[in-house]
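Each of the next two complexes has subunit A plus one other chain: subunit B in the first, subunit C in the second.
Up next is the complex of A and B:
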């Protein structure tokens, strides 16, 4: 009973996800789904990247997911891009129906890329397809180099991994070698980007990847 | 349909939680449920505290929750306390049935306190009662001082909050004042413990609280 209903929930989700994917494909818009723990630095990555991507002429819109508050949307709004905040209450992930509804509010003719910042959670958001072209894992140095092994699913599904807060490596026991080994044990073709939103180190490489 | 089944799942969970609570109460055993994001430092807190609590004569057992690997249980086992690892696969929280099963494997006559380290997740574990005497929130400096506002439920339910990685405050924009204000806006009677597992700062106060 429980399993059957969960399958129905996921199937209904996938219908909405497919609709979003088709809509955006027809308009030539890319959709990214950023997934990471609370405090991994997802919003900071957007704050750093959006001005650089705007400079290159890319027109971006953002969907922010959080249990509560519009704090992240407020941080993004000052960058002068369309942004919508979704509050999930006790919900642990964004679902495709929510994303589909937001799409009706965006000026899609004037957008090249929509970036979703999912609810801070390294587990649940991975299971819900949002119609995105790719899932991107965001993980911070301070979470520890063993996390890909302990929470493997997102690192299996996300080809692209952004490692944030690399400026804090000297003050922790984080080993980039152990982290890379852990990633590679899950997926061989992973693209790893090192980033510090404090110093800006790594931003240029990331811009090139987003802009491709 | 979906809501009704979710209610049934939670109701079934509560039956197991009540059984565990009654069993442990009858034996005079305290049960703690540690909840925090991946990398918040939950295992490090246990590594620091367990030897100190053992020195005071407290007999401890540990239940470790993770999606994959037995790494955390291995770290705890070297402290020479009973420990069981539960791997949830894609599951985002521990449930009371799992905890009840583990209790049958512990030598309860020789235990004063069982500590559960839940799956790294600031959202889902909060919704599943495990029969614990209290939920304890573990959050790290590097997650940012705004997280209680964005993920309020656990900070509403947990009277006790352990703020880890305080040795990293000088290298971040974390404000202890903003963090404390955020906590107090959710719950007035919160007990906040500051801790560095690297330097050991704050451990003695925490031992006293655990030992009470």
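Up next is the complex of A and C:
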């Protein structure tokens, strides 16, 4: 016997994503979803940016996603902002249900922006809507200038791209021109931010963008 | 491996249907999966096998997948094309300003039971 179902399987995720988006919108809170490979420097970007954004008066909370350990949350907690670590086990991405649950743990009345650091992965996190205002791609010089061509989806969805470890460019064969051309071939209105978390170069421009 | 998340979603839908009637055996599940979701077919089968392992009703059940092609629209000239080779720039006007119109669906279409 055949039973017609026609049920949207992703609906469960999307319902949670919409709930989070509505909740935060009502409170005037921006939600950012940072996506990048393991080792791209996502946590280092947060470590650099959070104190600068706090100086501007922005009240930030962070959700850390990793397969295992609370190491990243510990690094962020030192900066004296609310932080929750989600461990996904072998899961390759965060989903909207997890984010919705965590939101209830934050003092939302005292927060202007929540930043999600997704599980280190350039592929899977892109496909799961978390209710964020925008996805931000974080990629490092040492990953190579052809990564946008090889993993294009995130660069199509993220208008903002942060290129980290730019202080290492002289020691690699990374071509900023090739990288920019690759990005523009996917999305012409890409906003590229160059950053070195070691020297602090590029931090000021990024603060302005986050502050928007 | 986001196939496990996808299969978990499919399985939840199937179990809800199985539980709603007096069905002893699940034979087949027809699903429509958007090509753009980037699902690896072999991984999907492996995850399906794993997730149905503990439910005697689902032993030897099959997941039949119909791929929904990815359709892209150029925001500049409105030209539409089927997404191949991860090309996001418009084949007509050359501009890289596109949106994914179709190819991200994930539906359980029907299930066959006894």
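To be clear about the criterion, the second predicted complex is superposed on the first by the 203 of 212 C-alpha atoms of A that agree within 3 Å, B and C clash if a C-alpha of one lies under 4 Å from a C-alpha of the other, contacts with A are read in each partner's own complex, and residues count from 1 in each chain.
Following the convention adopted for this analysis, contacts are C-beta pairs under 8 Å (C-beta built on N, C-alpha and C of every residue); 3 or more make two chains touch, one makes a residue touch a chain.
Just so it is clear, the model here is predicted, and its values are computed rather than measured.
Asks: Looking at the overlay, what does A:171 touch: subunit B (first), subunit C (second), both, or neither?
Replies: In the superposed model, A:171 contacts subunit B only, not subunit C.
Asks: Once the structures are superposed on A, label A:184 by its partner contacts, choosing first (subunit B), second (subunit C), both or neither.
Replies: second
Asks: Please indicate which partner A:68 is in contact with in the superposed arrangement: first for subunit B, second for subunit C, both, or neither.
Replies: So A:68 only meets subunit B here.
Asks: Just subunit B (first), just subunit C (second), both, or neither: which does A:146 touch?
Replies: So A:146 only meets subunit B here.
Asks: Look at A:156 in the shared chain and tell me whether it touches subunit B only, subunit C only, both, or neither; answer first, second, both or neither.
Replies: So A:156 only meets subunit C here.
Asks: So, does A:209 touch the first partner subunit B, the second partner subunit C, both, or neither?
Replies: Once the two structures are laid over each other on A, A:209 reaches no partner at all.
Asks: Classify the contacts of A:10 with the two partner chains as first (subunit B alone), second (subunit C alone), both, or neither.
Replies: Second partner only, subunit C.
Asks: Quick check on the superposed pair: does A:95 touch subunit B, subunit C, both, or neither? Answer first, second, both or neither.
Replies: A:95 contacts subunit C only, not subunit B.
Asks: Per the definitions at the top, what is the overlap between the subunit A residues touching subunit B and those touching subunit C?
Replies: The overlap between the subunit B and subunit C interfaces on subunit A comprises residues 1-2, 5, 8-9, 90-92, 123-124, 127, 149, 152-153.
Asks: Spell out the part of subunit B that touches subunit A in their complex, as residue ranges.
Replies: Interface residues on the subunit B side: 1-2, 5, 8-9, 37-39, 66-69, 71-72, 90-92, 119-124, 126-127, 140, 142-144, 146-147, 149-153, 165, 167-168, 171-172.
Asks: For subunit A, which residues count as touching subunit C in their complex?
Replies: Against subunit C, the touching part of subunit A is residues 1-10, 12-13, 90-93, 95, 123-124, 127-128, 149, 152-153, 156, 184-189.
Asks: Give every residue of subunit C touching subunit A within the complex, in rising order.
Replies: 1-2, 4-6, 9-10, 12-13, 17, 21, 31, 36-38, 86, 88-89, 95-98, 100, 104-114
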